[in-house]
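Following are the structures in question.
There are two complexes below, and they share chain A, which is joined by chain B in the first and by chain C in the second.
Coming up: the complex of A and B.
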């Protein structure tokens, strides 16, 4: 405690008073409260279709993309295997729990199968991470993509556990306390609770020592080592946390569709998660959810829209692709980046009524 | 445990830093050749030499950024030759970088907080620091000591060059440093900032030794008690500042036939 002690002075008092409380997320943001209120009363205003096909699906995909946002935004590690970890977790729920394939599924109750699936998927993601952290940048992308591709082909060809290209169908969903938790409204609240938990966990962690250190690793790994941090251990721990988040999303996904097959863990789906995170923005945990909403809306409605224009409905990916290009081109931090710049612009217009000319 | 010989040499040494025959090769190029240096605890030493003399490579070998190709490095008697950088840092070694190596996406306060956290427990803590967190106070004091309190909530990417250099020093003084390596801390500083730097260096507690690489003789010779002159990856001369300054060979190398 060298300078810290010798140097000074009566600073402590003054600075302590001004410092914003770091302990809890900001609670004086009216937009956040409005969004939370709308999400909570959603079953009153939305039909079953919107509730599950749009909002629950958005929250599930958003949670998967959140795990990528945590790694990429805070850790600078672009992992394309987050969907694979979620898919592995989904498969494990089907394999350990109850499904239509009685010769594969072990028939454990959900409260045993789910922790098992979470533990195995987290271990799987951590192992993959331990391989990936030896590399940087494009090589991390390549290794994680290779893991994703290998898992996809493995599930296609393995019949003993993964039931080949048919996958596992009629996966049982939880019923207890007299509630069918897969019925639209209860399921929506389960998904909302898990997504909110993951969102606040990432938000909270970003200001905790572990999250700050991860951002340090992103900015300058060599300096982090010169400050006493074991950089690779930190990266692997980040993969473990992100894997757990992805695994939670995987459990929700298999309950949502009640089946899991190789199509759900294809390489294309892995890349969708990247697109969702980048379109939404990887600088803040809300980004992946915004990206997921845009993705799900496009996927659901672009088909009708294109058909009405006289185009092939299957071209909805073209729209997503063009949108992705536009976002990457004009806003490296996605839709939230556009939003923040628009807000700053507005404020500038208000303060100098002259002309803010700063654009993109 | 250690062999008797190892323990004896550890006891006998009493040096803060002891390099024996350290060589570092980059392919066929020898950046350092057979460097042997002993620095006492609390000693303050300058390393001088023209560009390419091996000064920064010497630092990289000491901290473990690049391990030496051969030779041994002891830190307070302990053989740290094969330790990863973070293990050396946790034992009280610190360094600064010639080109500021900061965390541009984080605030000044967070940069210093990370430095304090890196050399203490709880690096993986999932809990946010509370209002009375001891390390937050240590970070506050360190920010104050390098005169950055006014900008402590700004992102590092927004700081002026001189402020970044001061932050660079703050990061190296977190926790309980025993020995610091300063790599051209005065690079790009204004005369006023240089004066502040000299004040910071001279006001360090006496038990903290350091090695400073500095081209500015006015800065270097005011803050050290001994000088090592390097040339082409070898130790060229060692002595007191006055001896080195008046040495004809050194003058030839540094002023006459120098590269700059």
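Coming up: the complex of A and C.
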């Protein structure tokens, strides 16, 4: 709570003067337009490997982390079960849809299986949220972590629905209008569209009355309750929205890998989503995507990089852990926070060269 | 106790009936109809004993966790890593010297040192920032897990049970009557019983230390209001370091116990972290008796569940947590 809150205050103070509250902040930002243009023409620049393994994966992981960012940044609730919700939705797509495990999959067409999976996963996440909001603050982490871990062990044990530790393989991907939507380029655009939709939905919600009330609940639940807001209802509604976002990402993930197994919903993976969100910065929706890009790049190239430095290539997790610790130690707002502080520092030095009043 | 009966007569009655049924199931010779319905009594008794002894192990892990949380509001998600670290240290000592007891002592001391160092170097810098501390413990657990994987590899290790504890003993509990009329008694591994008794002894000692000694008084006062305690002149940082080291040391001991009961491998840290989370959520954060009750409930649920409904065993544990959270969000034995 305090983490997001402190950073939010600092950012709020810095940017309040520059932008009016009620427009899309991207409209007047040339960098945002440039990034959007690059993302749109990416298939011309990048080959299949980069397009899917780096950029599509980044967008999928970023969307998952975005749902955590929404809860943590605007609601003050750090939920470690966002990946579990995504994994649940992925499992449901595999169970209701078509897959290689014919004895488990019901064989529904994708346009029936996906809404079903989204609905069930959202219900699952909302129930988990309703459970988590019964306690406050630091307990949320524990309860959601317990839910995530319990789901992981359950998928490992249960063979009737989740097919034990082998998971469900050869999940069918959608194929209509003569397009194979899992081919590299169409799939990239599907992922990009979903990620953009979720990004702008979060951005919009954060300035809608609901989002503002949610931020009020984060900052002072007691006062909001005294003003007549139903604090717990706002929190549960936030969980419902975040669950839907995570469920969308889960559907994309199962289409991406075409299989789902307990390994993809392990506790380590749950924690990875938190790391992505925190490293990127949990005060603004762009943070999770930056964090996801760093994470995916590290995961893909750390091995080569470490070997080139003459170190053991298998120490990728160590690198991630140390990097995460460094971010938590030195920046309460992840990479965006570091960048913003650096920018402010530069500006201050330009405007009055003597003013060395560092803040930290 | 009598106040509980006065305030919730229905719950008290249900509890008494449940205890009576459980005692009957354990001590009576089962009629044939019951054996047909739910299986052999030996299986049931074994599951109960496994559950109780597993509860003892869970108590060792969770009591350190809950002690640290109660005093410092620090949710130490690296607790599972300390457990695994203690287990590896115990294994190393046990294989090099052959002494099981020495393994416990060294594991306790080393994990306590690690815990104390963590408190001094890391957590003291961010006192009062709950969420940041928790994030740091998450980062630490990742780093520790990878360092231990580096040092020990992905193999399974099992700590050798010492010779004087090997083998089962007969307990005076009848599991069945042979056709010749001779009773069959339950045979159960001695080492698990010894470890269970030891963990009960540790629990009682902790309870006595907390409730009957001066240092215990200081810790209890710190749980209630650490600012006022610091204002009365107690060197609270010293208390913090001592409690953190002791809690970590308990996790280390539990690691040696777990390595003897089961095995040590990467991933066990997460398992025991989950167990201690659920135990303290059920029992109540910061409460030692709560940790004992929670550990017993979770251990029994896990073992009975894995015998009678194998593929849904974890769901039982989880449902217990959900039930407790919906009836008493603060945990069964927490005061607030």
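Definition applied: the second predicted complex is superposed on the first by the 328 of 360 C-alpha atoms of A that agree within 3 Å, B and C clash if a C-alpha of one lies under 4 Å from a C-alpha of the other, contacts with A are read in each partner's own complex, and residues count from 1 in each chain.
Here is the rule we go by: contacts are C-beta pairs under 8 Å (C-beta built on N, C-alpha and C of every residue); 3 or more make two chains touch, one makes a residue touch a chain.
Model, not experiment: these values are computed from the prediction.
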Partner chain in contact with A:119 - chain B first, chain C second, else both or neither: neither
Contacts of A:303 with chain B and chain C, given as first, second, both or neither: neither
First, second, both or neither for A:236, with chain B first and chain C second: neither
Chain B versus chain C as contact partner of A:321, first or second or both or neither: second
Partner chain in contact with A:225 - chain B first, chain C second, else both or neither: first
Chain B versus chain C as contact partner of A:159, first or second or both or neither: second
First (chain B), second (chain C), both or neither touched by A:135: second
Residues of chain A that lie at the interface with chain B and also at the interface with chain C: 1-4
Contacting residues of chain B [partner chain A, same complex]: 63, 65, 84-86, 89-90, 94-95, 97, 101-106, 110-111, 113-115, 117-119, 122-131, 136-138, 140-142, 144-145, 149, 152, 171, 173-177, 200, 203-205, 208
Residues of chain A that touch chain B when the two form their complex: 1-9, 11-12, 15-16, 19, 21-23, 204-205, 207-210, 212-213, 215-216, 218-220, 222-231, 234, 237
Contacting residues of chain A [partner chain C, same complex]: 1-4, 78, 131, 134-135, 137-139, 141-143, 145-147, 149-150, 153-154, 157-160, 267-268, 271, 274-275, 278, 312, 314-315, 317-318, 320-322, 324-325, 328-329, 332
Residue ranges of chain C in contact with chain A within the complex: 73, 75, 77, 129-132, 134-136, 138-140, 142-143, 145-147, 149-150, 270, 273-274, 277-278, 280-281, 285, 310-315, 317-318, 321-322, 325-326, 329-330
